[in-house]
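Chains here go by letter, A, B, C and D, matching the order in which they are written, and residues are numbered from 1 within each.
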Amino acid sequence: MQALDSLRAEIQTINAQILALLNRRATLVCDVQARKTQDGLPTYLPEREQAMLDALLAQNQGPFSNETIAALFKEIFRASVALMEQTKQAQSKLPRAPSGQTRRITIRGAQIGADPILIAGPCSIESTEQMQKIGVALQTKGLRFVRGGAFKPRTSPYAFQGLGEEGLRILRDTAQRFDLISVTEVTDTRRVGLVAEYADILQIGARNMYNYDLLREVGRTRKPVLLKRAFSATLDEALASAEYILCEGNEEVILCERGIRTFEKNTRNTLDISAIPLWRQACDLPVIVDVSHAAGRKDILLPLARAALAVGAHGVMVETHPSPQTARSDGQQQLTLPEFQTFFEQLFPPKA
Amino acid sequence: MQALDSLRAEIQTINAQILALLNRRATLVCDVQARKTQDGLPTYLPEREQAMLDALLAQNQGPFSNETIAALFKEIFRASVALMEQTKQAQSKLPRAPSGQTRRITIRGAQIGADPILIAGPCSIESTEQMQKIGVALQTKGLRFVRGGAFKPRTSPYAFQGLGEEGLRILRDTAQRFDLISVTEVTDTRRVGLVAEYADILQIGARNMYNYDLLREVGRTRKPVLLKRAFSATLDEALASAEYILCEGNEEVILCERGIRTFEKNTRNTLDISAIPLWRQACDLPVIVDVSHAAGRKDILLPLARAALAVGAHGVMVETHPSPQTARSDGQQQLTLPEFQTFFEQLFPPKA
Amino acid sequence: MQALDSLRAEIQTINAQILALLNRRATLVCDVQARKTQDGLPTYLPEREQAMLDALLAQNQGPFSNETIAALFKEIFRASVALMEQTKQAQSKLPRAPSGQTRRITIRGAQIGADPILIAGPCSIESTEQMQKIGVALQTKGLRFVRGGAFKPRTSPYAFQGLGEEGLRILRDTAQRFDLISVTEVTDTRRVGLVAEYADILQIGARNMYNYDLLREVGRTRKPVLLKRAFSATLDEALASAEYILCEGNEEVILCERGIRTFEKNTRNTLDISAIPLWRQACDLPVIVDVSHAAGRKDILLPLARAALAVGAHGVMVETHPSPQTARSDGQQQLTLPEFQTFFEQLFPPKA
Amino acid sequence: MQALDSLRAEIQTINAQILALLNRRATLVCDVQARKTQDGLPTYLPEREQAMLDALLAQNQGPFSNETIAALFKEIFRASVALMEQTKQAQSKLPRAPSGQTRRITIRGAQIGADPILIAGPCSIESTEQMQKIGVALQTKGLRFVRGGAFKPRTSPYAFQGLGEEGLRILRDTAQRFDLISVTEVTDTRRVGLVAEYADILQIGARNMYNYDLLREVGRTRKPVLLKRAFSATLDEALASAEYILCEGNEEVILCERGIRTFEKNTRNTLDISAIPLWRQACDLPVIVDVSHAAGRKDILLPLARAALAVGAHGVMVETHPSPQTARSDGQQQLTLPEFQTFFEQLFPPKA
């Protein structure tokens, strides 16, 4: 057996040789791709990979087992495919954020992605009077964003499903009267045009985050889209859903964390606070937090909103209703207007 | 203090008085409802409940705290509302199964809900040749159900999204040639009509279980619907989604368990085997299990399928592909045709 | 049928009668309990409840079904049992926090439960040199709390299990030399005495939160206990575990949230930020957050720590190591000392 | 640019060169290890890996990025470490099951790991009379395994904690009288000796699966151990816990799946049926299923038990109690003796 130093020196040399071969191989793979693209051939063929692998395993004399060799070469193949896809990646619509700068979305003077915003309003739009009270409450505080559902996806087909177009009309009128930016959900590809006529921001609800046809359709509008993470979605899946919208040419997507489903039952969902820094790291889209749906209860909305801003969210969404106990949906998690007043003042205390 | 026996006797008497009052109250509530329905008034008003509760709490002298009294009366109110809704429940389209008899769905001589069935085919329809090989494999074994995706909901917008209508055409031709019943997914309300022209059974994928507009739309067709549980859905939510379809008049719904999302990573999802007896208890719809998506790997499909049949499922769905290693989606979980042959023979061994 | 008003008036009357009967019943139940306690009889007998229920169901003439009546009376029984247990509750060691005041724990001039604290140190104690570097880093910043494991519970029996008593000795020496308060984990009932000799605060790790024998044993010491929530524990279960310690007379318990296990894989665990306000609402124990174990990665520790303080935590725990890449456990989540310096300065910026 | 064929040929050649270098490198690494072991040096030094990597990255000229090169070499390093550890692996106590043969455990003529067994009994041992009724019920059916808890880990410190040694005595007497094999839980390292004196099989409960000190202690006895998977444990973690027992020389471990914690609330836990084939594939230990704790309800125990046997479990554990409604723990999930009789007959129907 060689001495330790000699063994180590030889390992070092082999490392360098492998390095050179890996890079040479990568260059060749890119050349193959270029040629194929030129000739209009498919660039990735798993069966060719399999053939290459089979050839290698036939030559393998150990000590690495065939399983190990197969695993290592699969990594090498994967790296090569990734390299080939970098050109596509360069075209990817999901704006990676090396600069740490957030893409700003501006609507009638209001900005998303800069100073923290507050989006507030009822779960469902129920009447003009209801929305007017909301409008007054928001305008008084200098707030600019109002939310409210006209098409409500409800678990039971027998539950209140929203006022539909009538609700959209009320929302638009409220927004105009109080100079607000409106956010409302769209649930059906066939209604994207209709909702886009009335609303300023199209919301994709948590239940529709995987509804790729709908994502494409809102991607074809020129309205900003507020995309809620499904309560079962990984962070990566949410980014992939954003990419569906961006792909169609709509660059104004706002990501929204609203809690994920876990075993804990004191809260309706578990607010995944780590989502905010991780999404901000992954891309430059603005990120907000819907504290009402995360908590499903009113008594911890303020601390959760504070945590959201502290962790780097660009805003908070919260449900408020002039009369939550008679609300047609989500009664117990909506703040009364006085409670909302307190929430607002404590979240954004006036600076001395 | 009274003696123990005397105390107990008085408790007994009070129990009986409460019982009588509860039932009298229930009768009155139903009368109120009947009158309201007659007069076209809304039957459930949360604010009236709140007023009644406030009145009661004002009178409460303990020893029960206001919280306890409120909690008990909310139960009583809830029971009354439930009673009022029994009439609607009687009209509920979700067929509760007191008899234990499963609703059978018959398509061209093949039955779902009786003897266990096997639905097999590739993840994606890729070519006529591919589907023909599948067709031969199924027909040889006397199998009647073929699956295959033409519109594929994929996490990445850059992944293969299915052949679209061309895929539907291949599926229909395969079904005709080999006398098979075809199952394929529909993902967009605007395409329900198109898919219904080509396929025998419309599949709602796991990602669309909460897409209520789509559920309503397939509910308006007269094609059986295979409804997959979302990987984050509770059993009750899946039943509520079935009800959306039934509501529209389509009575032929097949429930499909395909695994839920948990922390365990050896399987792509965790097959919730308890779903089958619990759904069968809750309603009389047929229930099947998609073992491929539950496991996300091939090596345990046979034991999982055996468990599914042992627990009472009416069938099993499994992915098979003539050449999984070159498949355009879900390569590693699809059985080769020889593997499928073995799977079939071991799941349904020939009787001596 | 009566008119609506008349029906409503009668319902109102019945409500009041039920109220009176419920309270009378509650008084009688408490009398029964008092008598039984006097006579040394068991106070809660489920079989008597069943007998009462059977009697009631035999008398039930509807319209409420037997199921509904059983459900309502079970609520009533449960409320009565709860009332009986209020006396015991009054003796509960879990300090409910009506005042919102947190119980403070003071150790050699350092306070937990007042201004936010920072507990830092390596995953495992590895050598005197290592701990000395940590000690210098902490002392320079005026920090008082040091953590480090001597008995490490590791998933694999072949992984490094800690230096044992030698580690405890190094920890104690470091604490003395740099005037620090030490926190270290105890995993075995037989070693509680030993660890208590060396350490200032006994840590119960996430894996041992359900180890009730161990909880009781640390409850018998007079050392403060830092109790980590198991990664699968509900908030209520964590409080119940705290109660095991308090029950034995040890009033100094610190609750620690460190992430729960979910399907999301970008973080090792999902930090359940809602735990902090909910625990603070439920009791007056101090609450801290271990950001290192929640994240399992270094790049989001700062935002998570900010969120923890914003949401109301009394402190943050973080892992740091002079040389993470050679650490014997948890290498990739431990901050280097320069990284820790930055983390500290950004979390607690010097006030102008 | 070269022609496609020529490019491919060169890739092929490079593949072969990389293969040869990888294997040569592996041989050298093993030589290094051998020399180090001889000289008593630590065999794995992460900092040396880092140095090698730094050297490589300094030489990297692309097109692979430094990140990719680092990732690929980390795989190569990992494979080398894995190869070095194969010797240790050969000594691993976790019996990998290449043959598919299950290790059988024999106790007084009863076998675990062969024909399916049924382990039954109450949650808690409460009295001699109770256990005698159980004993009669088991003996009549020819069943050999009885379960019952004497030391009960309960969420609340105020709940019934078991009869302790008195319970053990009752269990032993019942076992002797009815020729049964007894299974009971041990929760404290200090009581392993005591419990081992009375019981035939030591149970590690789900709450203690991560209690490594306890695992080691039962590993030092010569009693078979029934190891329950924690409700939050991955399959791999459960195997690692088994290894703790095997490491100490105790080869008789029975793995037990009893449900994991998920969002679904119709069942207390979600039975992870895939655990059984995956564990059986990973090792040759017998595997059983505790259907009572998985379901937490009685009405689906029979289908779950059938699924367990169909999927390949070596047995089923179920709770039964002469009078569940008065049981001191887990009342609603325990079968009455007549229900148990039916369960048994339907699970094991007499062969014609």
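Definition applied: contacts are C-beta pairs under 8 Å (C-beta built on N, C-alpha and C of every residue); 3 or more make two chains touch, one makes a residue touch a chain.
A quick note: this is a predicted structure, and the numbers were derived from the prediction, not measured.
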Discussion item. Of the pairs C-D and A-D, which shows more C-beta pairs in contact?
Written reply: A-D
Worksheet item: Where the centre means the average of the CA atoms, what chain is farthest from chain A?
Response: D
Discussion item. Using Cα averages as centroids, what's the distance between chain C and chain D in whole Å?
Written reply: 28
Worksheet item: For chain B and chain D, what's the span in angstrom between their mean Cα positions?
Response: 32
Worksheet item: What is the distance in Å between the mean C-alpha positions of chain A and chain D?
Response: 38
Item to complete: List, in ascending order, every residue of chain C touching at least 2 other chains.
Response: 232, 261-263, 265
Practice prompt. Please give the residue numbers of chain D that touch chain C in the complex, ascending.
Written response: 45-47, 50, 88, 153-158, 187-190, 207-208, 210-213, 216, 230-232, 237, 240, 243-244, 247, 261, 323, 325-326, 331
Worksheet, complete the sentence: Contacts from chain D onto chain A in the complex sit at residues 1-4, 7-8, 10-12, 14-19, 21-32, 34-36, 39, 52, 55-56, 59-64, 68-69, 71-73, 75-76, 79, 82-83, 261-263, 265
Worksheet item: Taking the complex as given, what residues does chain D use to touch chain B?
Response: 232, 234-236, 260, 262-267, 270-274, 276-278, 281, 294-295, 299-300, 303-304, 306-312
